[in-house]
Each structure stands twice: as structure tokens, then as C-alpha cells.
Amino acid sequence: MNALDQIFVSAQHGLAGLAPASWQPLVLMVLSIAGLMAVFGSCFALTTILERKILGRMQNRFGPNRVGPCGFFQPLADGIKMLTKEDIVPFSADKTLHFLAPLALTVPVWLAFAVLPFGRNMSAIEMDAGILFFFAIGSASELAVFMAGWSSQNKYSLVGAMRAIAQMISYEVPLVLAGVPVLMAAGSLSLPDIVQAQSGFVWNFVPRWNVFTPWGLAGFALFLIAAAAESNRCPFDLPEGESELIAGFLTEYSGFKYALFFLGEYLGLFAVTGLAVTLFLGGWQAPAPWLQWFPSWGWFTAKFGALIFVFIWARATLPRLRLDQLLNFAWKFLVPLALINLLVAALWWKVPAPMPVRWLVCAGLLLVPFVWLARIWNGSRPTQRQYDYAG
Amino acid sequence: MSTPLSHYLILSALLFSIGFAGAVARRSAIIVLIGIELMLNAANLNFIAFWRYGTHPEALTGVMFVLFSIAIAAAEAAVGLALVIAIYRQRKTAQVDRLDSLRG
Amino acid sequence: MPGEIAFYLIALFTVAFAAAAMTLRRLVHCALCAAAAFAGLAMIYLQLDAEFVGFAQLLVYVGAIAILIVFAVLLTRGDEVAPGNKQSSPSWMAEVAVAVLVLAAMAIAILRSPSLHRLASPGAAAPVKRIGEELMTRYILPLEMVGVLLTGALLGAVVIAMRDESEPKQPERVVSHLSDPKEEVVSR
Amino acid sequence: MKYVVQYLWLIPALPLLMAGLGALLKRNQRRLAASLAIGGVAVSWLLSCAAFFTSLSAHPFRQTWSFNWFDLADTTVPLGWVLDPLTAIMLMMVGLLALLIFIYSLGYMAHDWNFTRFFCFMSLFAAAMLGIVIANSLLLLFICWELVGLSSYLLIGFWFEKPAAAAAAKKAFITTRIGDIALLLGMLWLYSQSGTLLFYDHGHGCLEQSSLARLAAATTIGGMAVSTAIALLIFAGAVGKSGQVPLHVWLPDAMEGPTPVSALIHAATMVAAGVFLVARTYPLMSAGPHPAALQVITWVGAITAVFAAAIAVAQNDIKRIIAYSTISQLGYMMMGLGVGGVAVGMFHLITHAFFKSLLFLGAGSVIHGCHGEQDIRKMGGLRKLMPWTFATYAVGMMALCGVPLFFSGFWSKDEILRAAWAWPVSTVPFCLGAAGAFLTAFYMTRHASLVFLGKPADAASPAHESPSVMTVPLAILAVFAVLVGFLGTPAWPWFQAYLSGESAALSPSALIGGPQLALLLLSTAVVGGAFFLGWRIYGKAALQSSREIDPMQKSLPALFGLLQNKFFIDEIYAATVLRLNAAFARFADWMDRVIWGGAVNALSALTVLCSRLNRAFDDSGINAGFDLGCEELRGAGGFLSWMQNGRVQRYLRIAGMGLGLLLLAFIWGCA
């Protein structure tokens, strides 16, 4: 079991052992970086094709199926096309910023992967304040979006960038707040510690993942919603809303820079999904005691894949929000609910009652405000549609 | 840590002076504000440096001070920029040298 | 030795961007350079083993204040550089001279003080857990005060930046007032 | 059990909370306001019941709970509450009456514009009154005492649009304030002498043996014991609050307030607070070998009893008659306290609370039925129109008059008379009391005859019975007005035993033993005689229609005039106190005008002269020099205003220069 489980770690150390001793830390670092970039780079390629195929199935069509077996070489073809396209920079654009924006978006996202634990002993840096690092790095992408939008000197770009920033700032608040109860539960900001705190099983059967507590479940839901908005996924993809804003802040980008933005967005999605897995789904922990023979990174991959599928699924099913709905939803629904969730989590640890009672009380405390808030902000519900000319 | 404390302090003094120069010489209220933020950051750097090089780093005093200072700087920036915007609305300018109606 | 090189590199980076933030012509560039300078300072904090403060600096300054500044620039049309509109005051030479005077005074003070040339003691660290405990015990009152202050500042900023009621409003602005993205962001 | 005492504060706190909530309500949230107030009072009455049953558990029962209100240097000021039989019985009474009267107010105030405000004030009053009852510290008692004064003021002036109501409110407030000053002085003196204001504090309280002995031993002016002096000061507070002679003038005027207020505050509870205060501080009143304070109390009480009863005979306002009756009965209570001790006075307090609030509520029902008419000469024949009101009113009246055996007033008044008979100092109080009893029965006969008997007069013709929300509390109160008396008959003195911490035994023989029987017969004869006389004069007259002139006014015009004008007390006050005050004010005015004003005028004339001289000097001498100086100043000001150009950056630059120079100077200074 251990050999398989630690195969990447031992491979890394084995390779590093070949280098002279003084170079070893550097080599270890480089190997981590290379591994991450390789894995998530190919993951990006794989996800694009899988997304297109799944969307196709859900919308009752085939999706790409021409290039390679079942169309699986499509991302390769896309990549080649992107790289060979002409890189157009508008005449009045701010050239420097226009060039720097895609980099400023992509680089911090790569950094964010450094703290995620992908398996037992498998995080690139074990940092005391890991999650803080994650969010701090993530906040840089707002500036990158602004740079992209402003430097294009195009009204659509600027409006798209402003929308995107407003959205990201608004949804960062519930995103962080939804994660805070987990930090309270684990008593640490370090992601490996958080995973460790979710090990073990209740009644030797139900894993101690945070998602199996009422506050964890609510937090998970809030986190997923906020994460979707944070990474501009459907149904919150209005910054690039093709039908309204051409392509938002991406309007004036083409070729390789456009691909970089694309990459950055997907990587952001991966990073935040990985964080969701770590915070709520027990990270690399196995879901049952008898399944622990399976390597930890395998579990992580499985959960990660499942969540990515959920995002794709949501993209296929949910319609896009309007901007005012989007912001109202964040400030008037998610943020209060996340705050209440924080209180409930505190209560969860302080109520001296047996597990089922505690569960019911906390779940009730969450459900009531949920229903209440939903009713309050449901003012714009469309009335029965009037058909003047039909039927 | 083979860098002496004075280098950090010199860096801090440099940042402070740059911020000061900007705050004094530029006409845009926003730049003035950025300059002030830079000066504040220079002070924060001093705190951290003195904490790190101090005799009792385990007391965390400098770190705490900087944390609170950052929080207050956030409040200051929010109010300051709101003021700039409000003034712009009223006067159609955000240049500090035009805002001299208090002149004696 | 690598630590020292890193320090000088980061210091150079920070000072360069700070200087750029104070001198560039377009306000948007200034704001972005300031963000870079803040990020450089965060790196220096990290280099000084103050991990938590560094990330907090990054989160607050780059994530919030820089964005706020950028928005303020756009809302005050500061990015439109009119020809012939001077960005610096006419006596900027004198002002810079004063700044140099300040720098010189501080630098002389620092360099002449022998106790400031000491090296760091090894092994100082600010673990997150300790910071949290200190915040919740010894610094609980300041923490509460800062909470109140932030709330007050938030409300104050909203009130100040909100459009005057007396101003004649277009009907569609009334409808979308609450959901105006810029208003929301400025109020943050 | 411990908890009951510990959480005794909840009893006043609940109505207080409800008053606070009620103050926040909007004017049209009537139902909510009433529910809050009634709910609060109901819950605190239930808690009072709990406290009462707790106090039954031991003989004698007394538990206290105190806490530090604040520390001042090394002095701590404790407040606290006490649960003993006195508290418990008062809690029961106040809680129940407040509850019933609140319910009654639902009907009585139903059409009032300020319904919510009324209930807010009433809750405030209930809270303060309950606070007085549970207080274990003279300070806490005083705080609540002032609060009841405040709420009384607010409620008397509830219809402040009426000038009479506003004036009455002011009068009540100021008159009782005179007594309160004395109470405050007494309190301060007590504190300076005994070092504590807690009544009972495990042997250290100011009402406990050690400090009482010390107080009684010390003497002050004229050889009076300090305890007596303090007791008299405290009693002066009670005189003000309980409307004893000579500070009774505010109480009849207080009837300008709504009738439930009169019933609750100015008949049953607040005015009885004075009696309660004396009962609470009874150990202080009776301290020492010669309790002179008790004698004063007795005399004041006896005089008040007969004095007010006499005035009541000649009044025509339905509520004023009962108000004077209240004063008279309060006099009885004081007398009972003076001659017989706590149990005697308190028994009359409790029975009186029930039948007097019954009478007031009945009067309120009558007023309600007659659309606001209050003159009894314009009423009549209401017996048929308002049967429920009449029946309950009759019960209340007979209880007040002391109709033998079945009515509570008989037993409690009998107790007082018996104690007065046995008083060693003098028999005059007994005679006064008996005379008062006669007058009481007489004026109540007059009152009831004019209102209920005979033919309907003009005001009474459209009268109607009140809604059940008003008559049901009346009926309940009537039942209590009868039953409460049996708690303290000589045959089974449970009440007296309960208050003094003993157990009561049933001994029917006590009814006919010794002077008891003679007294019973005597009071029966007095009441019977008064009824007969009253019936002769008024009962028959009520049957005829000539009601313009009172029959007594025809036969005894001088006496009747005197009584109708309340012995001219208000006029005497106007002629003496007020005139003195006005004269002094005029004197002060004269002083102001002539002496001080003259001085000021002289001074100003001098000043004018000086300034003339000055100007002459100025114009020629100073100005020329000054102009020069001004030129210089303008130059300097120009420099300053260059610095103060309103630009923030220049200020910043100057600050920076200052900083740099300062640092450099510092460095070179150190080097």
C-alpha cells in the first residue's frame, strides 16, 4: 500500500538523490514545479475536450469527434491553432499592460497549487498559513483582469473587466467565509492539517469529512457557488457574456495570449476545486475504512474529477444570471448565510448534546434562515406568463 | 539572516521618502493617497524589522501592531477614496491644489 | 548569502515600483505600480519570517486597496490625461528636495546608530496559532475596536460616496441603484 | 426555594420590560400594547404567587438577596430585595389588583386615542410599585418611590389637554415632593448614623437589633432619640405619599386622571405605599422605650380619618367622594399602625385595597355608562340600568362602611378600633375613629342613594351597563372584598399570625370575649345609626325629584359650606404658603430692581464716563500709533496667509521640512 501511495514522493526524492547534495533542495523544488505543471497542464487539455464532449451529450449532440480517436486529439489541434494565430494588439492599447495581463493572471494561479495537498505527504510547500496564501495569491487575479480590460482601450473590455472585478470581489467574501468554519474545526490554517483533522470515521462507517456536518454541508454548497462565480463559470460567466459584451475583457485578445487567459481560468477552477476537496471532502482521505488500500492521490483525483464534472453539469443546465441578480445574490444571500453558518459551526462545537440531536439543531438553525432569506429576496419571481396571441 | 537591520531601515526610509515626495509633489488626490499608503507601509516595515531583530521576537508585538495597522489602513483607504470620489462629484476635479477654499 | 541577494533584489523591485508609482504620468499605471510595490513589501515580510503579515499585506493591499484605488481612478476620470494639464505641482523640485532632506535625516540617523547594525537572532517565527491566540486573548479589545472601526469606515464610505439625494436622478438609475457594481465595490 | 428569592427581581422587571417595549410601539398597535402589559403583569402575579407560597413554608420567614450596585472608593452601595410575609402579601395584592385593573382598562380606555401610552405608563407604575414592595434597601425603595411618583404624575396628567388635569398632575407631584425631601433627609441621616441602608442584612441591617439599639440610644435636638427623628422624617415622606393631613390636598385633585388610574394608584397601591413604608420601617418607628414617632403617626392618622370623612359628606363629584374616603381610610391605616402594629394597619390596607378599587372601578363604570358625567346630583336611578355595577358597588360600599360580619371592612376596621381602645396613651383616637366610622357610613349612604336610587336624572337617562371586560373584574373584586375579611377575624387571626410569624388557631370564643363583643355591638350601632340617618335625609330625597339643593345644605348651610369647601385648606394654603411665597418673590424683585439694579446702573454710568475719557485719549493718542502697528501686522499676516493657503500639500511639505530639520538638529545635538 505505502509503496503505491508514496510512489510520486519516492520518485521525486529518488530523482533528487542523483543530484549533488547542495543542489538537492533546488532540484526537489524544480521537480515539484515540473510535476505540477505537467499534471495540471495535461489536466487542462483533458478537461477542455471532456467538457465539450459532456456538454455535447447533455445537449443531445456529439461534440468534437473528428481529431484522433473519438476526437481526443482536439485540444492538441486547438493548441497548435492558438499558437500559430496572429497576435493582434489594438493600435491605441496600452502595449505593456496588454502584454502583462495574461501573465499576471496565470502566474499566481500556478502559485496557488503549491499549497494543495494532493495526497499523503504530497504538497509542494507545507505552509503554516497555507489557506491564507491561497486566497492572497488569488486576489492578484482581480488586478490582472483589470489590466486586461483597461489596457485594451475598448468599452466592451472595460465594462467586462469592471463586471468581472465586481463579481470576483463580491464572491470572494462568501468564498472565504464559507471556508472559515473548516479552519475553526481544524484549528489550523495549514491545508495538510485540515485534511488530517478530517481523518477517521464515525461509527466506523461515516467518514469524518466536514461535508457530513450541517455547517460543512452548507459551507460546501456556499463554497461551490462562490467558487463557480470566482472562476467565472456558468451560471456566473457574465463578465465574458458573449451575447452582451462580445467576450468581455477578452475581446481584444487573440492567439497565445487568449490561450493563456483560457488556461488561467481553467487553472483557477482546478485550484479552487482542489481547495473545496481539501476543505470539505476530506482531501485525500478514503471514504470508507475498507477502501484505504487505494492510494491517497487516487482518492483526491476521484473527488476532484467528480467536482469538475459537477461544474460542467451546472454549465450545461443553468442559465446565466443578470448582473444585479448576481450581486444581490452574493451580498444579500450568500454573505448572510455564510455568517450564520459561522455561528452555527461555533454552536456545533459548543453544544453538549449527542450527535444526532446536535445535527438536527444545527441543520434547523441553517434551514430557517435559508428559507427566510430565499423568501425575502424572491421578490422578482415572474408571474404566470400571459399568452396574448397563442392558445 | 546575514542582512543587518539597518538595511531594512534604510529601505523603509527610502519608501517613506518616495511616498512623501509623491504626496507633496503630485496634484492628483489619488496619488497623494497612494503616497500616504506608502509611508504607512514604510512604518509597518520598520515594525516588522524591529520585531524580527528584537530581543523578544516571541512576544509578537510588532506583528500584532502591523496587523492592526493594515486593518486600519484598509479603513483609511476606503474612507479616503470615498472622499475623493465625493469631492470629484461636487467639484469635478480630484486635484488637491484646486481644493483650497479654506485659504485664509 | 542567497537570502541577502534575495533581499536586495526584492528591495530594488519594491523601491523601483514605489518610485514609478509616484512619478508615472497615467494614474492607472501609478496604481498598478503601487500594487506591485505593496506586493514587494509583502515579499520582504515573508523574507523576515512574518508569514502571516505578508499574506495579510498581499490580501489587503493587492486584493483590496489596489482595486479600490483603481476604481477611484476610473470614477474620477483620472485616466484621461488632458494635454497641457500638468500632473505635478509647479514647484515639484522644491518638494523633492524636502523629501530628500527627510531621507537624508533619517538615513544619517540610522547609519550613525551602532545598535542598528546588528544581525538577526535565528529562529524567530510568528506561528499562525500563536497570532490567533494572542488576538483572542491579549489583543481582544483592540480586535473588537478594529472590527467596529472597519464597520464604521464601511458605512461612512458608503454614505460619503453615495450620490446626493438632491441630485436629479434619471429613473433607471433609481431602479439599478443598489445593484450598481461600482457602488458596491466602492462601498467595500 | 433559594431561587424564588434570588429571582424575586423578575417580578418588577417584567412589567418594566413591558413598559419599555410598550414605549416603542406605534400608536395603532393597541392590541399588542395591551397584551404586553397584561401579560407582563399576569406573569409577575404568578411569580408573586410563587413567592407567597414560598413564604408560607416557614415561620417566621425572611430571606434576602443583595448585590453591590456600585463602589465608591472603599464604600460599597448594596441594593437588594427581601421576601418576608409583608412583602409576599403586598405582592399578591398589588399583582392581583394590577392585573384586574389592567383588564378593566381594556374596556374603560377602549376609545382613548393614547391607548398604548396608557398601558406603557401603567406597566411602569406596576413595576415601580412592585419594586417598592420587594426592596430590601431604603435606597432602592426610594428609587422606586420616586418612580411611582413619576408614573402617578404621568397618569394624572394623562389627559393633559385638560388644564385641570395638567394642574392636578403638577400639584400631586410638587406636594408629594415635599414629603419626599423629608424622606430623602431621613434616608441620608439614617445612612450617616447606621452606615447601611439595607433593611435586613444578617444582623447588620438598619432595621435589625444592633443598629436600632444604637439609634435609639443616641439623642439629638431637644432630647429626641435619633431613631425617633429619623422615623418622623420617613413618616413625613409617607404623609406626602399617603395623603395625610396636611399634605392631602393633591389626592382629590388626582382624580382628574383616568378612573383605572385612580383605582390602582390613588386608592389601592401607591397611596398605600406610605402605609407600607411605615410598616416596613416599623422596627425603626417603634425603636426605643418611648416610641414618640408612633404617637405622632396615631394622631395624624386619627385626625386625617375624621377630617377627610367630614369633607366627603359634602362633595358632589362621584370620584372626589371616594378620594376623600380614601384619605380617611389611609388615616385609619396609619392609626392602626400607630396603635396596634404592623398587622392591624396592613390588614386594613389589604381589605381597603380591594373594596376601594372596587368602588373606584364601579364609579368608573358609572362614569363610563353616563358618558363622562361625574356629578352625583345629575345621576340617579342607575340601579335598574346598571344592575351589575350596582350590585358590586353595593358590596364595596358595605365593605367600606363596615357592615358587620360579612364584609371585610368590618373586620379590619374593628381591629383598628379595638387596638385604639386598648391604646394606653389616650382614648381620643378611638373616639375620632368611631366618629369617622359614622361619617363614613353616612356619606356612603348619601353617595349611593343619590347615584343609584330614585328616578333617572338627565345624565343618567341614556346610561347603559358596561361591557363584560369591565364588569367581570368588578365581580371578582367584589368577591375578594367580602372574602378577604375572613382572613383576619378575631376568631381566626390568620393574617396577623402570618405577618408576625406565628401559626393561627381557630377560637370562635374570641369573638365574644372581653371588650370584643361590646366593640362589635358598638360599631354595629354606629354603622346602623349612620345608615338610618343617611336614609332619612338622602334615601327618601332621592325618591323625589328636587335635587337642586342638598337637604343638608338647607338645614345646616354654614357647616355644609365649610365641608364642601374642604375646610378651606386649599384656600388657606393659597392665602398663607402661596402668598408668602409671592410676597417673598416680590421682595426679591424689589431688591433686584432697586438695590442691585441701582448699583448696576451706577456702575454703568461710571463706565460710560470712563469710556468717554478713554475715547478722547484713543482718538488722539493711541490710534495713530496703532495704525502703524497694523501695517506691520498686515505684512506679517500676508506671510502667514501665504503659508496657510489651504492646500494640503503645502502643509505636508512644511511638516516634512520640520521633521527633517528636527532630526538633523537632534543628530548634531547628540553627536
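Letters A, B, C and D mark the chains as written, and numbering starts fresh at 1 in each.
One rule holds for everything that comes next: a contact is a pair of C-beta atoms (placed from the backbone, for glycine too) under 8 Å apart; a residue touches a chain by one contact, two chains touch by 3 or more.
Fair warning: this is a prediction, and the values are worked out from it, not measured in the lab.
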For subunit A and subunit C, the touch-path distance in steps comes out at 1
Chain-centre distance (mean CA atoms) for subunit A and subunit D, in whole Å, is 72
Taking each chain's centre as the mean of its CA atoms, subunit B sits from subunit C at a distance in Å of 7
Distance in whole angstrom between the CA centres of subunit A and subunit B is 34
The distance between the C-alpha centres of subunit C and subunit D, rounded to whole Å, is 66
For subunit B, residue numbers touching 2 or more other chains are 20, 24-25, 97
Among all residues of subunit D, those touching at least two other chains are 649, 653, 656
So the touching chain pairs work out to A-C, B-C, B-D, C-D
Per the touch rule, the subunit C residues reaching subunit A in their complex are 26, 28-29, 32, 35, 39, 42, 51-52, 55-56, 58-59, 62-64, 66-67, 70-71, 74, 79, 127-129, 176, 178-179, 181-182, 184-185, 188
Subunit D contacts subunit C in the complex at 649, 653, 656-657, 659-661, 663-664, 666-667, 671
Residue set of subunit B touching subunit C in the complex reads 1-11, 13-22, 24-31, 33-35, 37-38, 41, 44-45, 48-49, 51-53, 55, 57-58, 60, 63-64, 66-68, 70-79, 81-86, 88-89, 94, 97
The subunit C residues in contact with subunit B across the complex are 1, 3-4, 7, 11, 14-15, 18-19, 21-23, 27, 30-31, 34, 37-38, 41, 44-45, 48-50, 52-53, 56-57, 60-61, 64-65, 68-69, 71-73, 75-78, 86-89, 92, 95-96, 98-100, 102-103, 106-107, 110-111, 113, 116-122, 124-126, 130-131, 134-135, 139, 142, 146, 149-150, 152-154, 156-158, 160-161, 163-164, 186, 188
Residue positions on subunit D within touch of subunit B in the complex are 640-641, 644-649, 652-653, 656
